[in-house]
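Quick notes on the structure that follows.
So that you can tell them apart, the chains are marked A, B, C and D in the order they are listed, and the count of residues begins at 1 in each.
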Amino acid sequence: MQYLIIGAGPAGVNAAEALRRLDPDASVRIVGDEPEPPYSRMAIPYLLMERVDEHGTHLREQADHFADRGIIVTQGRVASIDPAAHQVTLHDGSRLGYDRLLIATGSSPASPPIPGIDGPNVSSCWTLADARAIAARAVSGSKVALIGAGFIGSIILEALAMRGVQLSVIEQGERMVPRMMGPQAGGLLQRWCESHGVAVHTGVSVEAIEAKGVRLAGGRFVEADLVITATGVRPNLGLLEGSGVKVEQGVLIDRHFRTNVADIYAAGDVAQGLDFCTGSYAVHAIQPTATDHGYLAAVNMSGRVAEYEGSVNMNVLDTLGLLSCSFGRWEGVDGGEHAELYSPDDYRYLSLQFEGDRLIGANAVGLFQHVGVLRGLIQRRTALGEWKDRLMRDPTRLMEAYMATTQVI
Amino acid sequence: MQRALHIDPGKCTGCLQCEMACSYENEGLFNPAKSRIKVFTFHHEGRFAPYTCTQCADAWCQKACPVDAIQIDRNTGAKVIVEARCVGCKVCTIACPFGTVNYNTASGKVIKCDLCGGDPACAKACPTAAITYIDADWTGLDKMRAYAEQSLAGTA
Amino acid sequence: MAWTRKILRVDLTNGTCTAEALNMAWANEYLGQRGLATKYLSEEIDPKCDPLGPDNKLIMATGPLTGTMASTGGRYSVITKSPLTGLVACSNSGGFIGAEMKNAGWDMIIFEGKSPEPVYLYVENDGAELRSAADIWGKTVWQADEILHKKHQDPQLRIACVGRSAEAGCLYAAVVNDLHRAAGRSGVGTVMASKNLKAVAVRGTLGVGNIADPKGFMDAVNAGKQVLADNAVTGQGLATYGTQVLMNVINGMAAMPTFNMKEVQFAGAEKISGEAMHEPRPSDGKPNLTTNAGCFGCTIACGRISTVDRGHFSVQNKPEYWGNSGGLEYEAAWALGSDTGIDDLDALTYVNFLCNEDGMDPISFGSTVAAAMELFQAGAITQEHTGGIDLAFGGAAALVKLAELTAKGEGFGRDIGLGSKRLCEKYGMPDLSMTVKGQEFPAYDPRAIQGMGLAYATSNRGACHLRGYTVASEVLGIPVKTDPLVTEGKAGLVKAFQDATAAVDSAGLCVFTTFAWSMENIAPQVDAACEGDWSVDRMLEVGERIWNLERDFNMRAGMTADQDTLPKRLLKEAANVGPAKGRVNDLDKMLPEYYALRGWSADGQITPETRARFGI
Amino acid sequence: MRVQLELYASLMRYLPPEADRHRVRVEIPVGTTPHDLLDRYRVPREQAHLVLRNGVFLHAQERDGAVLQDGDVVAVWPPVAGG
């Protein structure tokens, strides 16, 4: 059996390791298009903060991790897939055969059509190569403009601020992290950033990037030596052209990670998989989904049957020491109830969303102990019973509710 | 025989000796806020429940870690944070559906129970045997582990 | 070290919070908590000041072992000048807030002045600020606790709070922490409320370190824990039956103050005893007692967690009282029950809940109700005064009603809030007040337990069992059994208990450890934690220094030695039954010897030699 | 001759079924000592910490010597304390 995995990110690597365990005699190969050993984009902000060196970003600690397991890691870029021949063709013209193929090509920064975005003073912050370039230029005292204060932008924000740059952040949405948190929580983040010396411009679009900075709609100008874009990501689908693999926002997969084409599976940022909370299919470009996908795709690829329950969208963010998180349907659903606490003086916010007596989503600012239980309650569809009423009255009693409904107490 | 922490909430008095022992073992200070085991109080019900990591066989935290900073202690089976690797991204804190991996603001890294290398300080400190370290077969942990796998995938 | 060496000074008048260094010279002489805070109080206020005026100060203090793993090392005290006695007040409490203060980096918090508006103090580690208490003033402790937890969105926040009784000026209001633990006696809560300070909310995540010899400390702590575990009382008895096991013991020896201390045995004692708390109720088959509970770090866990029968008249249609909360301890059960002649366990538990919820010392409250019942019996108080309440001894409904009124400071509850001494004076029969120096008695009749008479008469905070618990020896045989009816040797016994207790309190430990521990078990823990040499002798010397300092404060506050006495009833009216039948308390046989042992003059003054010896 | 035996706290388990809460009325022969009485109900002597005869504490050595009289009340506790 030959397993071929395209993409050396968390989904691909987790899949490869699982396949090795599940099918000890098979050939397992990862093809990745970057020169470094498999590494984690999640770690890049910490590289910029100089908390870790490049080795510290590697997905696996030991250099011989993959070789030891008989996992072949090949550098190369897949140009096309030939499902009939069970082959892929790399850019250098070489071909690799497969019995089962996993598409785990991840995503890339989206580049909005802003004049000047291709300029020499503009960079995204996605790859190790990007990080090296930013580290060289975002030095203490330099002026940096960050376009985009979504989840990724906000993670980069902290890294930049800690490098001692004069930082301005521009977000087109009405608030920071608009797709992760509601207005009150987003407002807290903004106020916190501003109180820590970061200029935050929300609800404004960028008209152009110029040599000396960023021109905003309405005429304001933000001076910058370096402009960093973090305006969202899109799945890497280019290699699928002509393959017959069905694509919407990402590669459509079923609950067994199968695409519409036999023996081709997909996982991670590139995949449009089952959303646990909505029952529909969506791209959840987050680390936990990538690893869960990778693992379970491998289980299915190995011939076992594992029906995916779907991914819960979730994020955790550290914004200059202010921690926040979001889970599932944090914006709530029609007919559901919600409990909310808002303490702006203390930078705290907590909102729990219910459907019936089940938790379906949450937002929290300033709460970071035991937050995993929010996932646990959502993903287990725990019937909270009387605890739902208690949480409606006092959502801070979350751990009690969790313990009482899931543990023997 | 693998051993595991067994918790009997009915015996707990809420004294927090376990939290102090844990924080002292791991942080060198008596500091319940930095304990890997936490006692939750149910005032209305008159119950106390110690709670910590069950060291699930297929650990969600470990899988979610982007930098291989959660590794298995071969002797105890514990999932252990490798401090030198942990970047503090906190993904494991939201990935663990039991909420037993927590961020330590002081160190900028996450903390979780590592069974103290096979001699858990909490169990030694507990005055009522509400926390004991015993053969894993007896703890009912298998049920929790089964859940850990089941809720990710229907029939894994 | 073990001290954080930091004090938080809160100027309520000006709304400022400032950090300052702990006076280590004083710490070396007074250890911590009770001793050290009394030193600060003694140095910083005029002992003659109005206890409810802005010149009084209120200190929340931890000891060097508070917040450590030493068993029971979670205690803190509230030290101030008492409005009930006009003397030094030091009320000790367990729960969790003391350790939290220490974890936030503070040995003590000193409150001074008076806030122009109701405020609460919010402490998060180094950060401390006064915030408006507009939304919690007028609320019960339990309500305020919930509001503050939600407001700060922090379930781990530890809160000490005063109830409505304190706001209304009840003179024995407590500072309640962790919902049902209290710095209960002498009206420390009244002082707190008089400063417009409603609550102190603390979150500490810094940890407690500074242990001088960590390995030695853990060895001493573990050895101490083992002694407690191996001892029948601290290892099993207290956890199973709590302090309430004494109800039948003390009643059995006819030392149970009953009907405002007219009698020494209560026929209903069995029905409100620790054993009764285990018995299934006929109505729902559940016992009163749900479980035992420990305070921070405590390996004894004597605390009672109880429920009231939902069908009981006191809680009918009041679901907010149907859950568990702190149950009856012996002193509360005695004061609310035996002294008033009430044997309704559910009524007493409910009233105990109210005492916690609105911060009233149940000893003083119950004793004052008992005095009111005797005044009612004597015709000095009538239903016109009480608003129609029949105050006959034994009336559970009356007790419940008075608790509700006193908690809110309404109606006849305002008179009950005066305390026994002022109530009996107001209604013209001062001899019916069972108090020493204005503070109500605890649950041991000094006619049947002679040493306790001396302990009460000489206690530095008025009648009190926790200043020198000779019951341990005279009744329970700890450390050795002495005859409760003899007076010989009691002066020395009282002094030894008083000094040792002062040292135990000041270390940050619970005095209940001394049912198993001697100073030989305690000193090594203090010695390993703190720099310098803390021997048994030094601990006892510190205890004696503290005792003298408290005495000195009281004398400077205007106390006279002739207040070292007992109510006439206990000195003149003999016990009616039991082994002490025909006996009164023979205080006059013990007091002179006590003064001499203390190094005081025959008229109770601290001599210059004694002052010099202790540096006072 | 009849005396009353009272057992409290954890010693309650040694009471016979006919006991009324804590107490049982017992017919005893003349010359019975407190220890004889306790032995009869298998109350372990080392757990009989507080022994009161008519409210008066009996030291361990008195429990073999003090012969019970008609109408005596013997109340017994294990090691307990309160406060």
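Convention: contacts are C-beta pairs under 8 Å (C-beta built on N, C-alpha and C of every residue); 3 or more make two chains touch, one makes a residue touch a chain.
This is a predicted model, so every value here is computed, not measured.
Colleague: With contacts defined as at the top, give the pair, A-C or B-C, that has more of them.
Modeller: B-C
Colleague: Taking each chain's centre as the mean of its CA atoms, which one is farthest from the centre of chain A?
Modeller: D
Colleague: Could you please state the distance in Å, as a whole number, between where the Cα atoms of chain A are centred and where those of chain D are centred?
Modeller: For chain A versus chain D, the centre distance works out to 74 Å.
Colleague: Rounded to the nearest whole Å, what is the centre-to-centre distance of chain A and chain C, using the mean of the C-alpha atoms as each centre?
Modeller: The separation of the two C-alpha centroids amounts to 56 Å.
Colleague: Determine the centre-to-centre distance between chain B and chain C, using the mean Cα coordinates as centres, and give it in whole Å.
Modeller: Inter-chain centre distance comes to 38 Å.
Colleague: Between chain A and chain B, what's the gap in Å when you average each chain's C-alpha atoms?
Modeller: 26
Colleague: Touching at least two other chains at once: which residues of chain C meet that condition?
Modeller: none
Colleague: Which residue numbers or ranges of chain A touch two or more of the other chains?
Modeller: 399-400
Colleague: Where in chain D do residues touch two or more of the other chains?
Modeller: If we look for residues of chain D contacting two or more partner chains, we find none.
Colleague: For chain B, which residues are in contact with chain C within the complex?
Modeller: 13-17, 20-21, 23-24, 27-34, 43-48, 105-106, 125, 127-128
Colleague: Taking the complex as given, what residues does chain C use to touch chain B?
Modeller: 67-69, 71, 96, 99, 103, 156, 179, 204-209, 214, 218, 225, 228-229, 239, 290-299, 301, 303, 305-307, 323-325
Colleague: Would you mind writing out the residues of chain B in touch with chain A in their complex?
Modeller: 9, 38, 40, 42, 45, 47, 49, 51, 60, 63-64, 66-68, 82, 85, 87-91, 93-103, 105, 108, 140, 147, 151-156
Colleague: Any idea which chain D residues touch chain C in the complex?
Modeller: Contact set of chain D toward chain C: 6, 8-10, 12, 21-22, 47, 49-50, 52, 54-57, 59, 75, 77-83.
Colleague: Which residues of chain A touch chain C in the complex?
Modeller: 341, 343, 346, 348-350, 366-367, 394, 396-397, 399-400
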